[in-house]
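Common to both upcoming complexes is chain A, partnered first by chain B, then by chain C.
On to the complex of A and B.
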């Protein structure tokens, strides 16, 4: 493995440290005394003072941060003000649902976007290409919460094919996943098309065709493999916006994932939960981006030799 | 005449995008003239009316005319686009030029910070800022502006770095021009094109982000006729009354599509020249 990736791997803990410090500072700057919030508005001030003491809120910030890091390393992210349960427990309960939603959405986006983009690139300017480009520019322009509500009205209320909200039955994931898949589908589709058009104009493609290979085999076996690097990059880089999309989609469909947890926490100023969810989201983005870079290095031998 | 028409056909996306965005501006600016009703005054005798001649897009739960509110909502999206893009483009450009001018230590430090800011999912960062400052129009605009700064900073820095190595900048340096002078008068004018393209391209996502935050109840709050806030009101009646959430969402879609198509057109125009 190249030095470039090793360097990136070595930087990973540093980046996570800086991110956690930023989030910690931001959460400490939030208005309101966490001890007062935890104790409730009617609690006597002696109780508030004791909680203040227990949480170490009077100590200097660097010391508080060190304590926070120590606890976080052992999986202790504090206690939710709203539910009074450990934040780590809340995350462990809600995160799998967000991951499931995200995976189904990504599968949809890649499953439709990549073949669609390949076929659009096969005949640029053709009928399918025009339909596909109209489709992709619309899919990145439509607000996901609106699409979600309209899908709900059509498939859950009018046709009653699918459940309205929640995560009670297997069919319940369909509408939120389709809603969440739209934006990445558009991006992946456009990137696939652009990357394929560039590859299809190269000499080795002409050679493959000259020796009598079928067009479908050339598109999907010869060209697509070499067109994959930018597609993998966009899939990796896009995770941040998919997490953002999940926040909105989960709120529309009352899908009990971490996105909805975050929105509720912001509304109730539940600081420990805000801190925990944000940390988890940013860590996921940083790690997946690195994984995408490694995947590209494996896909494309030219990227292995340093920068 | 035919030449102009041919140009328009060749630059279809530019023409279509400009037409939609133009219509958005006209609607927003002329909203008080175009609409007879008040966007805020309730009319409790006529809730959830259908499409009719007196209510072109029906009425909402409080009997307010949806067409009027959608037209007034155009003002919010225009404000969101201009304010956020101005703040983030100016901040990002200043940061980018500073990085390119100040040398490697500042450059690396600032760019590293931008990378870290970039790792925050946009919505999550905006939520964190809203949690910090509280909901409301101004705080939402600040949050959206802040999370777009890294894009402009990185773009400007890379452009400036490339331009520093061109002959005319080296000539200016040789004549004794200082770094600030070079950055402002020699590099910025030549980097302005791509920065403007980026502004056009990101306008759509600004509207989407603002509408999302308002929809979640963390941006512009009801009863203001902001499209996202209108949908946050209307979502409670999905299943019974679809018009109050159908039309504001349609307006968002058309506005974002218009800006995206316009941005695409401007990008192509710059790529050709």
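On to the complex of A and C.
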């Protein structure tokens, strides 16, 4: 098992290397010149050309990439074109807030989605199942941008229960976390329900019932553990879309995480920051998926050592 | 800096799940209760581009920098200028040499002396192409040199007589910056001027914090601190104003203007027309190489309907190629009337009786405007293809050269411009042949020697009557040649919480809050 984990970990730098090359190219293929955006529409072309040169954007792409790699290997992700601060410093300041937001959102999604799905599967077609279906379908379908604005209008402006925006007070994380949790909540809830329904029809569950075990013990101890593998996989795979959702959510709520940083960076074609944020996101997705695989191996002995 | 006496307490507001020091340090900060009484929060639609006044051209950045910097002169409430760091000035008979006496005993926030040497260095840096400063384009064509004559006197030499030189010096970009902060390279991130507020912190994508400059030479500001925040979502600005998260929001979307005015706890601040909207037509590309087609689009445009429908009445239909608040603007709208019948006739004369297809590039923000035009122009047989582009892509398309625009079939570019109150800073970049893209913002490559000559003459003439005549002539010539569809000027709107006083717009559209006051007590 540890060998398996080590092999997976060893793959991480390779994945990051390949991804960094892709990101590097993709970012530079975006139309739009950072020098022009930095200088603004009133700047004459001579000034734009000078800024272009100062930023080193005139050099051949392979040369720029080699420089970037050399620095990145030493933990130096370059300097932001826009703020002129080291990208690693920007990430260190913004990433913890995104991580906090993501964790709270995930905790909400799992905390509501898994028990909700188990109960829905326990009595399929029942009243709770119908309510839960409506909830999960709408939470996946409603655009988070709109939901965010509606939550702000209701809870911050009209009821004044929660802060409107920013990260300046303890309750401030609630509304963005709820907004961000909606999409994964729907997915996890539906996946839990489907997985549980399948498990609950199996022979060993009937045996457990015949033994006279209580319903709650059957659902949560015997069935859920076996239903968890696909749920954990979904949780891992879904991280990418949660990071994508964080970009929108953070912008709406002025939550100063890496998502908002990325939006600003794309606006101004701040290549080093776009690269830094994207690499960080890729690393997070790879690591979380690895963690999910390990968790599945622990849950399901059949998955261990097979590879 | 943040731990000075009276600095906001760094309350760690983090959740128990993440309590690393890193996270604690990155949490937002809140002013303490006693400070809140004299702290004003202003929210705009975008954050600052730089803390260096010479390295941006954005009105919203100018508003953030204004409390921290001062120039030699400033715009007075009328259309003139008044002394600021300069106490007086004289110009030579040929208007090519300008001498300024500086106020004595002033220091920058970093303690460096604000003297003739520092001021001259700031201006030399501004016009040095090697500095590659974003705002240099406004000043390089005007200022040839700047030198210190003695400790308190500096002299500019101009490349040509420039009637609006004092107004140009009143621009935020012409602020006198600390030579020490420039030398250390820190100025882009940490502002350092002589203004009534000093820089405290700029957290990217979060806020800028400024505190009262205790050693300020002029009138003591009423506020203890200023906090700037931003969100690109207009409805969030309006919500922040209602919750009190912001005391001032600008620019307020016209959509919320009437609701703000009707709300007892809010107040609407409204200044007429400085942001000008126009569509540059590609004069090098068919069908817009024919002036009749360009004129036809103008006659097919119902400007009054655009102002009423899209701006809620908070704007003015264009009467000329200058923003409504600019001096010398031609108020005669005869050439820009709505006459769809005439538009159809002109199109027929130009050989497009059966209709015509065109493509125009716009930014996301201007989508409603271009869709309204699409509907209006359809009435005269013009089928408009909207090329809706993301900001960066749009900037590249807008400033593309004639061959690129021809290859991509870009017939026009919808754009907006805020020149402040200097006619030359709008006419020259937009309509002078030397400003043809990519060199400047003449995005339709308009070339007319008569217009070029009139622009030069207007800029160099100081006699107001002669100037008025020249500017009237150039505006009518541009309207007749129709290199652009001139649309409207949008008013500057801000929402302010009741009780907040002293907030105003400068004629260029910059929000001015350094003299603002706010009643003590919560809220």
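Quick note on the criterion: the second predicted complex is superposed on the first by the 257 of 307 C-alpha atoms of A that agree within 3 Å, B and C clash if a C-alpha of one lies under 4 Å from a C-alpha of the other, contacts with A are read in each partner's own complex, and residues count from 1 in each chain.
We adopt the following convention: a residue touches a chain if its C-beta (ideal position, glycine included) is under 8 Å from a C-beta of that chain, and two chains touch if they have at least 3 such contacts.
These numbers come from a predicted model, not from an experiment.
*Asks:* With both complexes superposed on chain A, which partner does A:149 reach: first (chain B), second (chain C), both or neither?
*Replies:* both
*Asks:* Counting only touches as set out at the top, which of chain B and chain C does A:103 meet: first, second, both, neither?
*Replies:* second
*Asks:* Based on the superposed arrangement, let me know which partner A:208 touches: chain B (first), chain C (second), both, or neither?
*Replies:* Neither: A:208 stays clear of chain B and chain C.
*Asks:* Identify which of chain B and chain C touches the larger number of residues of chain A.
*Replies:* Per-residue touch count on chain A favours C.
*Asks:* Does chain B (first) or chain C (second) touch A:38, or do both, or does neither?
*Replies:* second
*Asks:* Counting only touches as set out at the top, which of chain B and chain C does A:197 meet: first, second, both, neither?
*Replies:* In the superposed model, A:197 contacts neither chain B nor chain C.
*Asks:* Touch test for A:93: chain B only (first), chain C only (second), both, or neither?
*Replies:* Touch partner of A:93: chain C, not chain B.
*Asks:* May I ask you to decide whether A:50 touches chain B, chain C, both, or neither, giving the answer as first, second, both or neither?
*Replies:* Touch status of A:50: second partner only.
*Asks:* Answer with first, second, both or neither: which of chain B and chain C does A:256 touch in the superposed model?
*Replies:* second
*Asks:* Tell me which partner A:170 touches in the superposition: chain B (first), chain C (second), both or neither.
*Replies:* After superposition on chain A, A:170 lies in contact with chain C alone.
*Asks:* Quick check on the output: what are the common chain A residues between the chain B footprint and the chain C footprint?
*Replies:* On chain A, the residues that contact chain B in one structure and chain C in the other are 30-31, 149, 152-153, 156-157, 164, 251-252, 266-267, 269.
*Asks:* Inside the complex, what are the residues of chain A that reach chain B?
*Replies:* Residues in contact with chain B: 15, 18-19, 22-23, 26, 29-31, 137-138, 140-146, 149-150, 152-153, 156-157, 164, 239-241, 243-245, 247-248, 251-252, 262-263, 266-267, 269, 274, 277-278, 281-282, 285-286, 289.
*Asks:* Where on chain A does chain C make contact in their complex?
*Replies:* Contacts found on chain A: 30-33, 36-48, 50-51, 54, 80, 82-85, 90, 92-94, 96-97, 99-100, 103-104, 107, 149, 152-153, 156-157, 160, 163-170, 172-173, 251-252, 254, 256, 260-261, 264, 266-269.
*Asks:* Quick one: in the complex, what on chain C touches chain A?
*Replies:* So the residues of chain C in touch with chain A come to 13-15, 17-18, 20, 22-23, 25-30, 47, 49, 56-58, 129-130, 132-138, 140, 188-189, 203-206, 229-233, 235-236, 239-240, 242-243, 245, 390-393, 395-399, 415, 417, 429, 438-441.
*Asks:* Enumerate the contact residues on chain B facing chain A in the complex.
*Replies:* Checking each residue of chain B against chain A gives 115-116, 119-124, 127-128, 130-132, 134, 204, 208, 211-212, 215-218, 228, 231, 234-235, 238-239, 242, 245-246, 248-250, 252-253, 256-257, 260-261, 264.
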